[in-house]
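Each of the next two complexes has chain A plus one other chain: chain B in the first, chain C in the second.
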Partner chain A sequence: MTNTVRIIINDQTYDVPAGMNLVDAAKWYANDDIPVFCYHPKMEPVGMCRMCLVEMGTIEKDRATGQVVLDENGQSKVRWMPKLQTACTTTVSDGLVIRTQTQQVQDARQNVVEFLLTSHPLDCPICDKGGECPLQNLTMEHGPGVSRMAFSDKMRLDKHVPLGDLIFLDEERCIQCARCVRFQDEVVGDDVLAFHERGRSLQIITNSEPGFDTYFSGNTTDICPVGALTTADFRFGARPWELTEVPSICPHCPVGCNISLSTRLDRDFGGKTLIKRVMPRQNEQVNEIWICDKGRFGHHFSRSEDRLEDPLVRERSGRLFAKSWTDALAAAAEALKAAGSDVAAIAGSGMSNEDLWALRQLLAGLGSRRLGAWPPTHAGAEVVAQVGVGQGTNLGQLGRGDAVLVIASDLEEEAPIWRLRLKQAADRGAFLLVMNARPTRMDDFAAQTIHYETGEAVQALLALKDSDAWKQLAEAHNLVIVAGAEGLSLDGSRALAGAAANILLETEHVGKPNSGLLAVLPGANAMGLHYLGFTPAATLDIMQNPPKVLIVTQADLLLDDPTAAHWLAKVETIISLDLFASGLTQQLAAVALPIQSFAERDGSYVNGERRVQRFYTAQGPMGQALPAWQALSRLGEQLGQGTAKLSAAAVMVEIAQNVPAFAGVSFKELAKVERQYPDVGGKDLYYGGTAYRNRGGLGIQIPTAADQGQTVARFEAAADEPPKTRGKLVIVPSVRLYNRERTFRPSALVHARVPEAYAEINSADAKKLGIQDGDTVEIAIQNAPALRVRAHVNGGAPKGTVIVPRHLSDTAAPLAVTVGEVSKAEG
Partner chain B sequence: MALSDKKYSQRIEAAFAKYPDKRSAVMPLLYLAQEEYGWVSPEGIQEVADLCDMDPTQVQSIAGFYTMYSEKPKGKYWLQVCTDLACALRGADEFYEELKAELGVEDGGTTEDGLFTVEHVMCLAACDKAPMLQCNFHFMENLDMDKMRAWIAEKRAEAAKAKK
Partner chain C sequence: MNVIRGFATTFKHLLEEPVTYQYPEQIRPFAERYKGRHELKRYDNGLEKCIGCSLCAAACPADAIWVEAAENTDEARYSPGERYAKTYEINMLRCIFCGYCEDACPTEAIVLGHEHRLSFTNRKDAIFTKDMLIDPVPEGGQATPQKVEPGVFTRAIPDMEDPK
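Now for the complex of A and B:
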């Protein structure tokens, strides 16, 4: 706030930063809520709705002397503008004077509301927005109270227009503020909404295929100031005032969006607590006030039909029988005792820190340190712990003079909110360089795009130094490198993270906010896995040297890895702690223990930016499921490892005492909040929309080694040997946001958007193999059942490479890059 | 039937050559689509979107905003009669009523043979030559029903001949 200007609001003087929007300034500094419909603090002003009219003037100065002119009373004279002005299109300037509460202003507000209501249906009693509606609230506050309009002249329009499968438009309720249109264009960059016709016939349309084709559509329902846009998920589902808001963290990707689970006791759920919707919760450093549609609609798995509800033990017959917790834990303990220290664990990245600590303690008590992270696809976590983005990083601050490099990742599919925020960084003037082996959506926003040969990400990164782009990166004020692992082996992804880190070290972009490395790790808690000692390298070791007893927690090896059945055959006993009854539990587990999803218990995750964030209990447990930390802790108790902990908070106390990265972290600290700009989620829903104010905690960012002032040595970054193809094709698994993973499949309304299993094949390769676009092909790799998919020959894959999205069918696609043969399937 | 037809390639290139970016050529290309299909059809919108590298939603939005693009199928001859005050003073409103009766259609309707679409429009800036109309963006001025009947018959004969 070096450059401030002095403005006067309702006779009070305020010093505010130059260049600030007047509506924002009045709200933030003067606590004066100027009513708005079209203005939104995250978007450019358009001045369409006229609701923000205020009396405006400037302090008069003598033109010759520059002195303030005084009136007869010695007060500075104000030159008022002849008419009311829109506050939202005004930038504060020195000597600006406004009045927001005069009769003239109140009359104007009443008139604007009256205009907006001429054709509004006023169907608040059946409207999803009723109770949290800006138009409703502003009508109560400023509206005329009675209508002067002839009912017979009211426009009658379509009330159920599907804009795609996820969002419905009520044409009667729309007040044409264009917030949704501008959000899609300015914030997201998917301009799939627009106005059609004009004047009184103006309507919102989408003409994309499928309709409203974007991963961010749900946000438009939050910022819609009326009930015109509603989600197919929540439509007519509940009234806002019946809902209890529970702060939570999205469990789907490494961004770690802060969300709020809206719950109520629901008739359709046996009178138990049911999650009715997922809403964004403001955390300006993580997700601002946005979430992607996967986060918004991907909550159904927490109560899917497939949830494992009882502890199961496999009898000699090979069948699983439901047992009590005592019996099941005894069976597990017996197997563990018999194995001695020949025990290993594989933990999925949906496990909370508390779960992971309990698992680590259990194995430590047995004398094993074999802690595998699942899926073992990305190795960057240990590099992030040293040179990750600095403490206090906010991608929303990147702009002119800064640079962002995205490599080996399809961010749109892997971490949508990072993609959204980095797109905006590019809009603000940051230099965005995107490097991939194939075209991705991020290319559309990049200043420069480099396509390298499949698997040669590290070489491409090392070669950057001789390219034109180098200067832009090296001289950037801030530099963020976002490294994925597409097309790379585990070693390759480690080398890539190392090479990226070396660039950051060399150009001195470490240990400070808004600079450093971001790894696009899989799942919500991959960084937590790292900090608690679970590594993908250990997983590969477990795959090669299987232990006698393997504890698998919240990881479906069979659906993720087509070779899993092959290497798991050498494991004597599998103890599975899982959310779901299908897959590994059903097919291979000797003992299966039901655990609670993120929505059923307290816990914490560490997001990709190393922020420890806390989630809270929103719904009751499914069946007899326990939190994984509790199940593991009780298992330890059976093995004589001491008394089980009683709460997740108590487990965190133990973590903080033992793991340096978590020093000072406690549930109480994680729950701390402070005022965030812009001030959304208050009772003035018209300003920011229905995103929730953060009441659950902003989290604590773990410092990197560089943040702590340690000298970080250069990393090994030898390029990976390209896979020996011997005439075969390179099979590159990729990630699709919408897929058939068990944590997303139960969200039925998104099904139409999940593509049929497919593989992208280069046209030259396809020609050689006699494959045409749309043919069914079989992909054969070693130690795995053949994968049957639809061939897409459409220019997406480089020559010699077949791109196979994971989790699109029940047959697993390869876990990591491999070689294989592709042939046209018979019949 | 498409804008990819060779006969359009030169005009498409000319449209792109006029502007610094592709997006700006959307309006001339929409005219071409309308010429090709007789109206701005969904195929036309998609083709223009592909040509200009835009989302079809944005193209449709532009087609919807401007009245000279028709988003409904039209007859071969699109007759837009001005009935504003100045024209009405010279009998344009009566002329319009008679024209509709002659063709047996309502406002905005198309004749069964698919030849004529009639609608009334706002000022076309030829008040001194009323009654007047715009047929496929060309003015026909100082009209009366005798002239119109002869013209209609002529066009019908042409169409019948072309059919054979």
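Now for the complex of A and C:
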């Protein structure tokens, strides 16, 4: 147990853990909110704003005897410090005495506020922070009614400075607390903001090109205690008190950040409810109080113009016609009846658990078990289900004595919040080992980096035992292995997950919190796909032996897989349930059914840490769209599979009864919350920023086999043969966080940051092929249309390898590692 | 005698001017502070005073006001400062003419005027949009949006001098 110390706050005695910050301790244990501007519970104190001044003293002890000195009343005597002290730079210690409500303290607070307001503009009516502004609140609470400063001395500064494309700085409003600078430096590790000049001329600047170049910039607007930093997305969108908060889960990556959708009616949107902004919602075990910019600004797809709004049926002429749900479902049912059991389904990882269950039931009713998970790039979910990170894992607790191994993944691009939290774990002293064939951002934070040959991740992992890093991993108190699939085939990624699991089993790092395997699976619900029986292996089987009827749900086959058109041609009928009207729906679907996005209905996702998390309805449906579970359930009804389900909660009840992993899970259980440290989101916005308190539920983590005490056998981890190049180059698809996927394309704001389609080519290969940095090249791959991209020759790719980021153009990049020829293209 | 006195009163009133106003041909002057239909005011140069801050909507006890804001640029400027009201609507069926909106307004943009002839034949007509509420462009002023010199209209709220 941690040591506790006894402190006295306003004459009340409290026992608090030793080493705790005084502001945190007073808030958590004494419910005493010491006002702060610069202090933030997630960052190191700096004591710059002087708002947290308190009377401080220590209980006097006799130097000779160590006895507490008593005064004439028999009370212990306090040796008060001559001046007020900053609470935020004080760590609690035994015998510490503070007073936070005396006249002296109140005067000090009033003076600090008055001083901060000398040059603060009276902008509150037009300021986006107005209504949830720490400075506004603390001025009302502690500030003077009138200022003694001369109005003519007010500074007049630029009110509209873009720090990059996403964040605007109002120089007048800034109170120079350095929270944003420190956040970028301490928490993120992207040191792109800085103070410029000194004294009254001090300003925040960005020193990166492009400006504010980080994936986490939006968080600075949350922790900014004034309206100095505002997002371009929400700028003047609404006043905070007009917004309705709806708890939700970010649909973009396996981290499963808890978010809050701020909605309001909108005249331009037909007077209907609309998402105005996305804010983080505190879940200390998942995303703490941070979200990445993709999550924050990537909500626009939910009402993109490309959304499919009506059920469509393709007539003989080959054209799609809008039909009623009844007619469209009848057409789908007819095709399914004719196909018998020659049916298969491919489900995208944006589908909720309820959708997946309905799809599985539909296929089971037809006698088919061919359930494919999309995209079929990462295996290893089944390994995670056995030796994944233990129940109760919190990456925020990893530190000294622990170790983290990241292999074959570019975490910055694939799961930004994991990257942020693991960077902090490394800062706290965890041993971070990064292994990849190419340099990635994670290398910057690693204690050790190992670069292996492209495609030889498994070999590198097996060889780890003989390296000097092994001791650090084997003897670590906790060990987390984060395994991706970059540069690997599906079999290769399965072998990698197996090899990683074997290390965990060997070093006994399974079945306990803060240890185990994390797979960087694509999409928000890849683990849900696994638990409900959808596998990437089945997808490969479907691609090789196409069925008569294929049901595709929220999977962008044509944009993900360059060979999709080739193998889909063999499918007789495609029934597409999709968010978007372009792509597969428009080109190939015989029946297209519009479904609702994550923002429009209730449901649940399972994140990469196997946490089942619930999201709620935020905005109305687009057109006639239905939740996918409902559309599938009604289709089942047409096929005589029993009455359709009426609510997502009812579907979850059925899942809980039939799928062992979901035993005990219900919407009610998922909605349970408990008090989290630090206590942000209350009325004291100055403490933690504007991240929301979690009211929607913390979720339930599914136990692994190891958690349940089962013995897990070692996995097969035979190394994959490296692809035979025969003089060609190895094409390795990679992931970029900002890309042109249909779920991100409508966020026009961020699109200035999406790179033009490119490929990283090694300088030696480039020289041989006569390619220079910036040339347009053509990449030819079997069975797929040629890719025309710009060549980057800047040390990003190992020899013999071409790194091709996926989803940067309308031409699909290869789904998995392959070989191809690169040639210089004209023009 | 009493009868005569009674008749005298009657005849006297017959000869007096009638007190009835022949509304609507004839309209009584209003008290200066009469609270009639809202008017959105403009500055002399034609820029709108309203900055879309939505404080009127927050103050409104009847939830009758709907404001949506957007950002000004120097190419298309509606009001001084960065923010203007893109949508401004008052539902006159809900409005109780309390004048709290006027009190809440930081720029004195919304004023309850003397217009009182508010009748509608359906609910939709009761919603007064910004076009219906805003004052005409004053003489010598320009209509909004205006194209203006950069850096001139940077303040949303007129400067207030030191409290005297």
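The rule is simple: the second predicted complex is superposed on the first by the 826 of 827 C-alpha atoms of A that agree within 3 Å, B and C clash if a C-alpha of one lies under 4 Å from a C-alpha of the other, contacts with A are read in each partner's own complex, and residues count from 1 in each chain.
Note that in this section a residue touches a chain if its C-beta (ideal position, glycine included) is under 8 Å from a C-beta of that chain, and two chains touch if they have at least 3 such contacts.
Bear in mind the structure is a predicted one, so any value in this text is a computation, not a measurement.
Undergrad: Counting residues of chain A in contact, which comes out ahead: chain B or chain C?
TA: C
Undergrad: With both complexes overlaid on chain A, does A:Leu558 touch chain B (first), chain C (second), both or neither?
TA: Neither partner.
Undergrad: Look at A:Ile223 in the shared chain and tell me whether it touches chain B only, chain C only, both, or neither; answer first, second, both or neither.
TA: The answer is neither, since A:Ile223 touches no partner chain.
Undergrad: Just checking: does A:Met543 make contact with chain B only, chain C only, both, or neither of them? Give me first, second, both or neither.
TA: After superposing on A, A:Met543 lies clear of both chain B and chain C.
Undergrad: Is A:Ile205 in contact with chain B, with chain C, with both, or with neither (first, second, both, neither)?
TA: Touch partner of A:Ile205: chain B, not chain C.
Undergrad: Of the partners chain B and chain C, which touch A:Glu197 in the superposed model: first, second, both, neither?
TA: Once the two structures are laid over each other on A, A:Glu197 reaches chain B alone.
Undergrad: Looking at A:Ala150, would you say it contacts chain B, chain C, both, or neither? Reply first, second, both or neither.
TA: A:Ala150 contacts chain C only, not chain B.
Undergrad: Please identify the positions on chain A that touch both chain B and chain C, taking each partner from its own complex.
TA: None.
Undergrad: Spell out the part of chain C that touches chain A in their complex, as residue ranges.
TA: Those residues of chain C that touch chain A are 51-55, 57-58, 66, 68-71, 81-83, 86-87, 89, 106-107, 154, 156-157, 159-163.
Undergrad: Flag every residue of chain B that touches chain A in the complex, lowest number first.
TA: Residue list for chain B touching chain A: 45, 55-61, 64-65.
Undergrad: Spell out the residues on chain A that touch chain B in their complex, using ranges where they run on.
TA: 190-198, 205-209
Undergrad: Can you check the complex and tell me which residues of chain A touch chain C?
TA: Against chain C, chain A makes touches at 122-123, 125-126, 130, 146, 150-151, 159-160, 235-239, 241-242, 266-268.
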